């Protein structure tokens, strides 16, 4: 069985990693779809798809998994909910089950007849990308919420400065 | 050093595999960008990005490579050459050198200051996706030009029938 | 004279039906343009254009009108106000007068020299799609605000569940 | 049972009308999807969706059919074959069977599990929109190939002049 | 040296003119990029790119500048921050330095290695397009904040009425 | 009176310059719309809008014209003929008459009620951008067909090499 796990991963954090571990304990293969791949440099989507790809890869490479069983695929938005599932299906390898915590994603896949599972993210308020972006913005300590490789990538690309600067933007 | 190898891979064949081998003999990591990811079911682009992803993965999985060093990334077209390199750069992990046989791709990356290498595809007339699609269409023997897993995927998804039917289309 | 009546009809309700009746008491033919046709599964636009088409058709089929005088046409957005009127004009049959309650629509058609009439929606606060979606969401009684066929379609497609689920979505 | 008949209808001719008659002899309701709705003023697509809508409506209004059983819906292209069926499905009412003579359309709907019928267009070389556009361009007699209302519409909108002028265009 | 000054200029006001003067006191040539060129008839973007072009031109024509050194270029959005700089670069003449007060614009150009200067808009709260649109909407005196030619253009195109009407829009 | 002159100017040549001169002998002001602004690096559209802007500007700056009367505006395609005129009108300043040699452009503006004049390009076969691109490609002498500034810009941006390389492209 191959599972599909969809998220935006802005950034990829330890809660996401737990989901990956849970899925891999039940399924042989996993596709991680990096959603809203065309977005970057906005308060909600600070990182490019390429940067998010590297965070996920570097984090998982530290774990005892066979990387040949884990596929990462950037997926751009189509902005039309009625065709979104068909779009996802066309750019990723075949899959048997969907994991997501996002209600709309869940609903759209269920309407198309897919089996969808919640991801059982524990203590969501803490392990949430929204929360982490907010902590970075406010200068609070956030690095214990992500893997060391993710932290290193965020620092290397100037991610802290980026988040602060794109949030000072009041126009666009 | 991480290399970027861009192609449409319609389908992925043994010539492509040789390029992959050559690049991996010189560079530690390789990103395979699956171009025109949004295209499928046309004479020039019969297979979806997801199907091409599976062909590449299954082919490389047979070789003695560490799959954690090889990244496959579907890349949609932007239809504006002047921004195409920026687009590619935003959806794939960072890379140091580009491999391609396509003159326009080569030119656009060189204009942006990238080092670009030709892929040394030997006997191009035979090992070409265009040629393979033509052979499938004409009912000639083509399966010695692709890997066994690629052949199996093409057969499983009804690829031969698909190529014949989309080529009988004279309107759209 | 042929009138154009533009709305999103999310869903089509008895206030809309009154407008249709009023227009048909003054004009021989009527085009009902179903706006934002590409939108669906969002809090503001829960239903697809096809679903809205069926609601309108089934509702009007109950009334003593000659359906050959009433045209329903889904119209996608173009997201550029300056060309929106030209876009509408290109996808619907010719028309002589425009009916709408939406200030921007009214303004854009007037700028292009069209005669525009307000629709005299009585007791707007009650007969409003926004209000009906809110009542469905809150579990209040809404079915006396739409026709019996519209109610039946909403129930058949799982519209109540859909509205609740897409409103629980906090991310996309 | 409700049938879907897809075409571009550039213009709608007597062969199309025969197909409509055949379908209505077997099915209760019919959706006529006017494809490539966004196209106009090109050699292959001279007429706007609105103009084509009027041709079809005026032609069928002459026949002894209940127009409340026949739905006409303009459908814009999405330019991605893998999501095209989902797109069509979202903008038209529900349907049970598809009629088309276009091989790609047939194939895409079959891949999604729909039953598809050929339209049995007799003497295709004569009753073809391509042929009619060519005859108009060359000043040959074409009006016996379309209904009188379609002819009248083509004349009223200056269709003959339009076809000649857009074909003299060698650049765009 | 040629400078690039990017803004939306909704409308062009005396603060913008001061920036233009400051830049021209330091650089030989100036490109004024009219951003979000595709937007119009919205509360944030009431004027078309063509109207804004005329405001800027007419205002500068009154000043003692050589208009052959000042280029005005409408620039449409691409809605993808990662490729936005490449997009701007492809539609305007070459430039050496960027002027903007918008933090995101500044950041994106800096990431691409451009030198970016703030525009030193004095008393921003007064000389701001947002403020001027608000004053027009509320019927307050605004005409001392723009040049006489800009005022004349706004009046001629019915700009006051337009701003009031598009702000009464509660739906789209 | 303000005239609009539309072309792609790939590249701007002496025939175009003659047209500009003719128009300015009859009209006070001139807008030069640089069409297909989003295109570049293709055999038919080798130069970016910014490069074409510079060619036109540098050429006209040599002539005894008041540059404040001549506006250059890049215009992107919308790919929908029925709304193209509305699109052009929204991004350029107001105009009274249109000059073009392109039959479709002429037709679309006439359908919208504009007065359109042919440009009286003499000896078209020689003074044509298509011809010049072909001569550059074949290594023939072309520089007497363009102004000295245009030639200098083409050389500076590596235009000869670019045209040769993008024409060796057989795939994209």
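Note that the chains take the letters A, B, C, D, E and F in the order they are written out, and that residue 1 is the start of every chain.
Basically, contacts are C-beta pairs under 8 Å (C-beta built on N, C-alpha and C of every residue); 3 or more make two chains touch, one makes a residue touch a chain.
Since this is a predicted model, take the numbers as computed values, not measurements.
Enquirer: Mind listing the chains that sit against subunit A and also against subunit E?
Expert: B, C
Enquirer: Check A-D against A-B and say which one is joined by more contacting C-beta pairs.
Expert: A-B
Enquirer: Suppose each chain is reduced to the average of its Cα coordinates; what separation in Å results between subunit B and subunit C?
Expert: 46
Enquirer: Could you tell me the distance, in whole angstrom, between the mean C-alpha positions of subunit A and subunit C?
Expert: 37
Enquirer: Please report how many Å separate the Cα centroid of subunit E from that of subunit F, as a whole number.
Expert: About 26 Å, centre to centre.
Enquirer: Mark out which residues of subunit F touch at least two other chains, giving numbers and ranges.
Expert: Subunit F, residues with two or more chain partners: 38, 40, 48, 80, 82, 89-90.
Enquirer: Looking at the whole structure, which two-chain pairs count as touching?
Expert: By the stated definition, chains touch in these pairs: A-B, A-C, A-D, A-E, B-D, B-E, B-F, C-D, C-E, C-F, D-F, E-F.
Enquirer: Which subunit E residues qualify as touching subunit F in the complex?
Expert: Its residues touching subunit F are 37-38, 40, 48-51, 53-54, 57, 61, 67-68, 71-74, 76, 89-94.
Enquirer: Please give the residue numbers of subunit E that touch subunit A in the complex, ascending.
Expert: Counting only subunit E, the residues touching subunit A are 8, 79-82, 102-108.
Enquirer: In the complex, go through subunit B and note every residue touching subunit D.
Expert: So the residues of subunit B in touch with subunit D come to 38-42, 48, 162, 165-166, 168-172.
Enquirer: Flag every residue of subunit E that touches subunit B in the complex, lowest number first.
Expert: Listed in rising order, the residues of subunit E that touch subunit B are 78, 80, 82-83, 85-87, 89-90.
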